[in-house]
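The two complexes that follow have chain A in common; it is paired with chain B in the first and with chain C in the second.
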Partner chain A sequence: MASLGSGALIFALVVCAYGIGASVYGVRNDEDRWIESGRRAVYGLALVLLVAFIVIEVAFLKNDYGFNTVADTSSATTPLFYRAAAVWSSQEGSLLVWALLSSLWSSLALFLVKGKMREVAAYAAAILLAFDGFFIALAIFYANPFNTTSPKPLEGAGLDPLLRFPAMIIHPPMIYSGYTLCIVPFAFGMGALIARRVDTEWITATRRFALAAWLFLGVGIVLGALWSYSELGWGGYWEWDPVENAALMPWLMMTAFLHSAMIQEKRGMLKVWNSSLVLAAGTLAITGTFLVRSGVLSSIHAFGGATLGVPFVILIGLMIACSIYLVVSRREQLSSSHRLDSLFSRESVFLLNNIVLVGLCFVIFWGTFFPLISEMATGQAASVGAPWFDRYTVPLALILVLLSGIGPVIAWRKASVANVKRNFATPVLAALATLIVLLALGVTSKLFALVMFCLAAFTIGSVTQELWRGTRVRSNATGQVPPRALLGLVGRNRRRYGGYMTHVGIAMLFVGVAGSSSFMHAAEPRLSVGKSIDIGGYRMKYIRPTASVTAKNDAAETGATLDLGAVLRVSKKGRYVTTLRPSEGYYDSDEAGVPPESVGHLIAGTPVSHVTLSSNPLRNVWAAIEPDLQAPKLQRIIAAGNKTIPIDKPEDGMIALAVLAREYLAHPQAAKFNLRVQPLLMWIWIGAIIVAAGGLIALSPTPRTVVRRVSVRAARRRAESGLARA
Partner chain B sequence: MSPLAAALLIMLIATVAAIVAGPLSVLKRRQPPRHAMLAELEAQREAKYRDIRDAELDHEMGKHSEQDYEEIASTLRSEAVEILNRIEALQREGEEEARAEAAGGEPPSTR
Partner chain C sequence: MNPARKRTIRLTVALSAAVVLAGALIYTSFSASDPTVSPSQLIAQAVPGRHYELTGKVLAHSVRHEGEVLDFSVKDRAGEAAVPVRYTGEVPDPFKEGREVVVTVEKQDDKYVAERNSLITKCPSKYKTAPPKGKPY
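Entry: the complex of A and B
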C-alpha cells in the first residue's frame, strides 16, 4: 500500500498546481467556472491527503515495518494508543499531517465564504494551495512517509518514551492546527491586498479562523507546558525553549489581531495594522514550523532534520517580501479617514494592548533568534536564558493583565471622566482589598508577584462588575431571574463575554505563574530509605523503594521494560498530607550496542521520569526520582546477564531484569530526588481551561437568524426615529 | 504497485477529477459585481447593528453619559441608514435587471 500513498502524494501535488492555475486564471479572466474549479481543487486535495494519511495510519496500526517511518517510530511493544499517534512523531508523518490539516481547514474556510468575496477567495485558494503544495513537495522530495525497506525489519525502534504521555499525543495536532489555521487569515489577507478589497468583509469572514488558530495554538502551548511539567522531570512548565517560543509568537500576534480587528470592524480604522498583523502571524507560524524542522536551533521538541532548512528559509523570505510589497503598494486603499475620538476609549486601550503584545512578541523573537544573530555578528553563538526573558516579559505581562481589566469597563469611542470613575471604583477596590490581605499575610518580599495578584484582582473585579451590571440590565428589561438573564446576556453577546472570560482566565493563569515561580521551594537531595528532608514547610520521607518489570504494565502504561521508584511520605507539622510514588521508566533500545548486550539493550532507551504530585488550588507538592542504576551491584547483574543470555532471547533478558529489580528492592541504594513545593500552580491549568472555554464561547455562532430578523426591523425603526429626533 | 493499490489510486484520481472538473461544464457566466458589493454592504450592516447593540448595552450599563450616548447613537444610526439605503438601491437595481431578463430583453451591463 506504500505505492498507493506515494501515488496519492504525487497526485496531491498535481491537484495543488492545477488549483493554483485554475483560481488565478479564473479571477484574472472573470471566469467563475475556473474559480469554482480552483475552490474544488482544495476539497479534492483534502480527500487525496486523507487517503494518504489513512494508508500510513493503517501501516502504524498493523506494525508494517516495511515503511521506514513505522520502523523508526513504532514497535510491537508500543501501546496501541501511542502507536496510533506515532505518525506525527516523525518528520515524514508530521509533514503529511500538516498538509492534511491545512487542506481540511482551507476547505472549511472556502466552503464558508462560498458566494462571497469572489476575487479575494480565489486568490486565497491559490495561496492556500501553494502552502499545501510546499509541504507536499517536502514530503515527496525530502522526507517521504511512504519510503520502504526490503526485507522488512522484524521489529521497530519504538516511539520515543518521552512522547508516551497523553497530552503529548494531542499536543502536536493542536499546534499543527493552530499553525495551519494561522495560514487561513494570512491567505485571505493576502488575497484582499492583491484584489485591492481591503474593506471589512475579509476580516469578518476570517475572524473565526483567527480565533480558532488562537484557540488551538493556546491549547497546544498549554498541553506542551503540561507535558514539560509532568514528564520531563525538571519541575518546570516553561523554559523559553525556541520551539515553545515559536508557538507563542503567532499566538501573541493573533491575540493582537483579534483585538484590533474589532476596531476595523467598528470604525474602519487600522487597516494597515490589521493586514500587517495577520501577515506577520502567518509568517511566524511558518517560522515556528521551520524552527521545529530545520535543526537551526537546538530544542528538545525539534525533529532536527537539517535538510529542510533551506526550503523553509526561501518560503519565509518570499512571505516577508510579498507581505511588505503588498502592504506598501496598497497603502492608499488601506488608509482610513477615521481618527480616535478620545484617549479615554476602548479603541485606545486596544491599541495599547496591541503595542504590548507586539512588544512581547519582539522580545521573544529577539531572545529566540539571539544565537543566530550573535553568530552572524560575532561568529560565536550565544544564547539568552530565562532570566533575560523574564526581565522584559514580566513587566509587559503586568501591563497586559492591567489592560485586560481596563478593556471591559471602558466604553467604545468616548468615556467621560465621571464614567471612568464610576466604572473603575469596584475593580480598584478589589485590587486594594487584595493588596491589604496580602500585606496582612506578610507577602511583601516578591514585588512582581504582589503586583500581579493585585492586577489579577482588578481584572476579575472589572469582569465580574460587567457581568453583574449586564445581568441587571437584561433582568430589568426582560423580567428574567438573574441566572437566566446572565445566560441570555452571554448567549446574545458571545464574542464580548467569551472575550471577557478569557481575560479572567489569563489573569488566573498569571496568578499561577507568579505564585509558583516566586514562592517555589525546591531541593535535589540524595536520600536513603528512612531519611527525610524539609521543603517549604513539608517533610518528605523516603519510605521504601518500588520496582516493576513487565513490558506493558509499568505504572504509567508507557511500555517501560523496567521501572524503579520510591514511596515518599509527605507530612506537614507532623500531620500526614499525602504519599508520593515517583519512578523512572527504562525502555528497550533498538541500538543493541557492539557487541550486542542481551540485557543492557532492554534498558538502554531514554529513561523517562514518571513524576508524581499532590495538587490542590493552594499548592503542588511534586517529586521526581533518579535511581542509581550505576550502583555496582546492579551493574554486575546486567554484565552477567549480557554474558550468559543470548541476544535472541529477550524473555530470558527480562528474567535478568527481574533479578535486578529484586536486588534494588532488597538492598536499596540512595537515590537522587527532585522535590518541589509550588504554591498556586494549579491556577495555571484552571486559568488555561477558562481561557479555552472563553475562546469556545466567542467562537460559537450567535443564533444569527433570530438576531438578524429582530435587529433589522428594530434597528431600522430606531435609526429612522433617531434621525427624526435629530 | 499491487493491482489493488493501482485500482484504488485510479478511483481516487477519477473521483477528484470529477469533483474538480464539475463546474467547468456547468457554470458559464460570472456573477455580477453587484453581488460582491451587496455582500460587503451586508457585512457592514451586521457590524453596524452590532455597534448599535453594543452602544445601547454600554449606555444602559452606565459607561456613557447621556450626552455622549446621544451623539454616538445618532452617528451610528445615520451610518446604519446610509448602509441600508445603499443596500436597497442595489437590490432595486437587481430586481429591475431580473424583470428585464424575464421580459426577454438583454440584461443591462453590470461591468
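Entry: the complex of A and C
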C-alpha cells in the first residue's frame, strides 16, 4: 500500500511537470491541443492525488502502524471519527491534503472556464500546477506520508486529545480549502497579467472562487475560535496568535477584493488595485501555510520540529517578485477608464472600506511578524501582545461596521442630498434609538461597546430598510405576499442580497465581540463541595464531584481513560438558572519521556477541559474545572498501582483508575474552577452563521429563468404605464 | 479647482495620513513590545521592572503547586540554563514537564514573577516530525 501511495505522489509530480510544459508550450505556440492537454493534466492530477489520499486514509482506518504518520497521530483507542480525520493533524498528511484540495479546486475552476479565456486559462493552469507541484515535492522530499517503519509498532501514539473536538475535524480542511481557493484567483490574475488580458473577464470568471475562498477561510476561522472557546479551558476565542492571524490576513484581502471587484465590473476602475489585492491574498495564503510549518514564530501551535521554512521563503519571494514585476510592467493596460466622480459615492465608500481592510491586514501583518522585524532592526526579538493589536484593530473595526451600513444605501457615482435624506434617516434613527436605550440602561462605562452597538444598529437598520423597500416594490409589482416577495427579491439578485446579509452578520458578530469582551465577569476560585462564589450577578455552588472511567479499548467519544469533574448549581437572586457539569478528561500517553508506569501512563496524556456552558442570546455562563489530581490520597493510589500492576496489564491499570475515581467521589478535594459570565457572546456564533449563509447565497448562481420572467413582467408594466401616461 | 489639482491634493493628504499612521504603528510596536528571550538570555540581561517574553521548556521535576501559585522552571530548548518562574492564573491544559511554553515574566529579587494568565503552552502533536514510537504492550 505504501508503495502505491509513494508511486502516486511521484507520478503526480510528473503530471505537474508535464501539465506546466504542455500549457506553456500550447499558449506560446498557439497550439490548442497542448493547451487542452495541460488542462487535462490538472484533472488527472486530482485523480492521482485522490488515489494517494485514499491509500493513507485506509491506512488510518485499518490502524496500519507501519505508516509512520499513522503510528504518530493515531491509535486503536482513538475513536474512528477522529482517526479518519487524523490524516491532516500531521505535517506530511496535511501537505497531501493541501495538494489534493488545490488540484480539486483547480480542476473545477478550469472546467468552468472551458472554452473561455484561452490564454489566461492556460497560464493559470500552469501556475496552479506549479503550486501543486511545490506541495507534492515537499511531501516527497521533506515529509512523506508514505514513509514506513519495519517491524511496525503494535500501537500508535494516538491523536492529541486537544484535537478530539468535532469542530477540529472540519476546521483544517476548511482552512486548507480557503488557502487553496485563494490560489485560484491568484493564478488567473497572474495569467491575465502575463497574457495582457486585464479586462473584467478574469474577475468575473474567478469571482466565485474568491468568494468561496473567503467563505471557507471565514468558516475555518470561526470553527477554530469555537474550538478555542470550547476546548482549551481558558474561556476565550481569539488571542492574536500567529496562526489565527495567518488565516485572517488573506480573508481580509479577499473581503477587500470582493468589494473592489464590483467597481471594476461596473465602472472599469481599480484594475491595478484589484490585481494587487488578488496577488496579495494568494501570497498571504502561502505565507499563512509557511507560518504554520516553518518554526519562524512562537505560537500556541507547535512549530518546533517543522523544517519547511526555506522552500516556503523561496516560493513567497518568487510570488512577490513576479507579482510586482507583472503589475508594474502592465501598468498601461491596467489604467482605469473612469475616475471617481465624487467622494460621496458608493465607489468612494468601497474604496475607503478597502483601505481600512488593507490597513487592518497591515497592522496584523506587522504585529505578527514583529519578532522578526524587531530582531532585524535591533538585534533583539520582541513581541507585541493583544493590547497592541486591540489599540489599532478596535477603531478600524468600528469604521468597518459603519461603512457596512453606509455601502448598501449610498448611491453610485454621486450621492445627492435627497439620496442621503431618503436613505440614511432610518439607519441613523435606529442608531440613535439604540444609544438612548443603552444610556437609559446605564451602559456608559464602555465606550467601544456603546459605539459598536449603535453602529451595528445603524447597519442592521440600513440593510433592513433596503430589504423592506425592495420587498414592497416587488410585492406591489407581482401581487406576492411580502415573505414570498422577499424570497423572490433575494433569489433574483443573490450576490447583492447575500452580501447585505453578510453585513448584518458581521454587525451581529461584532456586537458579540464587544459585549463579551467589555462586560465579561471572570473568576478562578478554588472551591470545596458546598462552597459558592458570586460572579456577574450569578451564584455558582459546587454541589458534588463527578468521575467516570472508560475502559481503555472502548473508543467512546474522545477516548479519555478517566474523567473527573463537578456539578455546579447556578442561581440568580436565589432562583435556579441551570446546572453545569465541567470536567477534565485524562488520556493514555505514548509521548516520549512518559515513564513506563502501568497506571500513571494511562493518564499521562494531555488533560483536556470538557467545558460546560449555559448559553442564551443575553449571556453565556461558562465553566471549566482543574481537579486536584496531585492530592496525596489520589497520588498514593497511582503510586501503589504503578508498583503492583505489570505494565503489560492495562486492564488492571484501569481498575486502579476506578479505585482512584471512587476515592475522588468519596472524599472530594477542593478543585480549581475557571468561571465566566459573558454577555452577548452567542451573537458571535449567530453572526458567523448569518455571514456564512449570506456568503452561500451570494455564491449560488441566480437562475436565468427567474431573471427573464421578472424582466418580461417589468417590461410589460413599463410599457403599460408608458401607454397610460401617453 | 481643476480636477488634476484636486486629485493631487487628495493624494497628498491620503499619503500624509498613511505616513503618520505608519509612524504611529512603528513607534508603538517598539515601545509596547516585550523582548523575547530564552532562559540563558534572561539570566544575562534581565532588568528588574521590565517585562520579558520567556520561551523554553518546562524543566523536569520542577513543577510545584502552592495554593493558587504554580512554581516551575523554564530551561533552554537546547541548553541547560534554567530560570525559576512563579505563576498565577489559568494553566493551559497541555502544560506539563518537558513541554515548550511561552510566559511573560518580570524579575523580582532572584525570582521571575509571571504576568497573570500569560502562560501559553504549545500543542505537542501538531506538525511534529518525531519518529514513531511503539508501545511496550
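FYI, the second predicted complex is superposed on the first by the 688 of 726 C-alpha atoms of A that agree within 3 Å, B and C clash if a C-alpha of one lies under 4 Å from a C-alpha of the other, contacts with A are read in each partner's own complex, and residues count from 1 in each chain.
The criterion applied here is as follows: a residue touches a chain if its C-beta (ideal position, glycine included) is under 8 Å from a C-beta of that chain, and two chains touch if they have at least 3 such contacts.
Everything quoted here is computed from the prediction, not taken from an experiment.
In this overlay on chain A, chain B fits alongside chain C without clashing. Within the superposed three-chain model, A:F424 lies out of touch with both chain B and chain C [touch as defined at top]. In the superposition on chain A, A:W88 makes contact with neither chain B nor chain C.
Once the two complexes are laid over each other on the shared chain, residue contacts for A:D30 go to chain B alone; chain C is not touched. In the overlay built on the shared chain, the residue A:E524 is in contact with chain C alone; chain B does not reach it. In the superposition on chain A, A:G115 makes contact with chain B only, not with chain C. Once the two complexes are laid over each other on the shared chain, residue contacts for A:E265 go to chain B alone; chain C is not touched.
Shortest separation of chain B and chain C in the overlay equals 20 Å (C-alpha atoms, whole Å).
Taken together, the chain C residues at the contact with chain A in this complex read 3, 7, 21, 25-26, 28-30, 32-36, 53, 55, 60, 65, 67-68, 77, 89-94, 96-98, 100, 102, 104, 117, 120-137. On chain A, the positions that touch chain B within their shared complex are 1, 3-4, 7-8, 11, 15, 18-19, 22, 30-34, 36-37, 40-41, 43-44, 47-48, 51, 115-119, 197, 199-201, 204-205, 265-266, 409-416, 418-419, 422-423, 466, 469-470, 473, 477, 493, 496, 708, 711-712, 715-716, 718-720, 722-723, 726. On chain A, the positions that touch chain C within their shared complex are 65, 68, 71-73, 89-91, 94, 143, 149, 153-157, 159-160, 162-163, 232-234, 292-293, 298-307, 339, 359, 362-363, 366-367, 370-371, 373-374, 377-378, 380-385, 387-388, 391-392, 524, 526, 584, 590-593, 596, 606-609, 626, 630, 647-648, 650, 672, 674. Interface of chain B with chain A (complex): residues 1-2, 5-6, 8-9, 12-13, 15-16, 19-31, 35-36, 39-40, 43-44, 46-55, 57-58, 60-65, 68, 72-74, 77-78, 80-81, 84.
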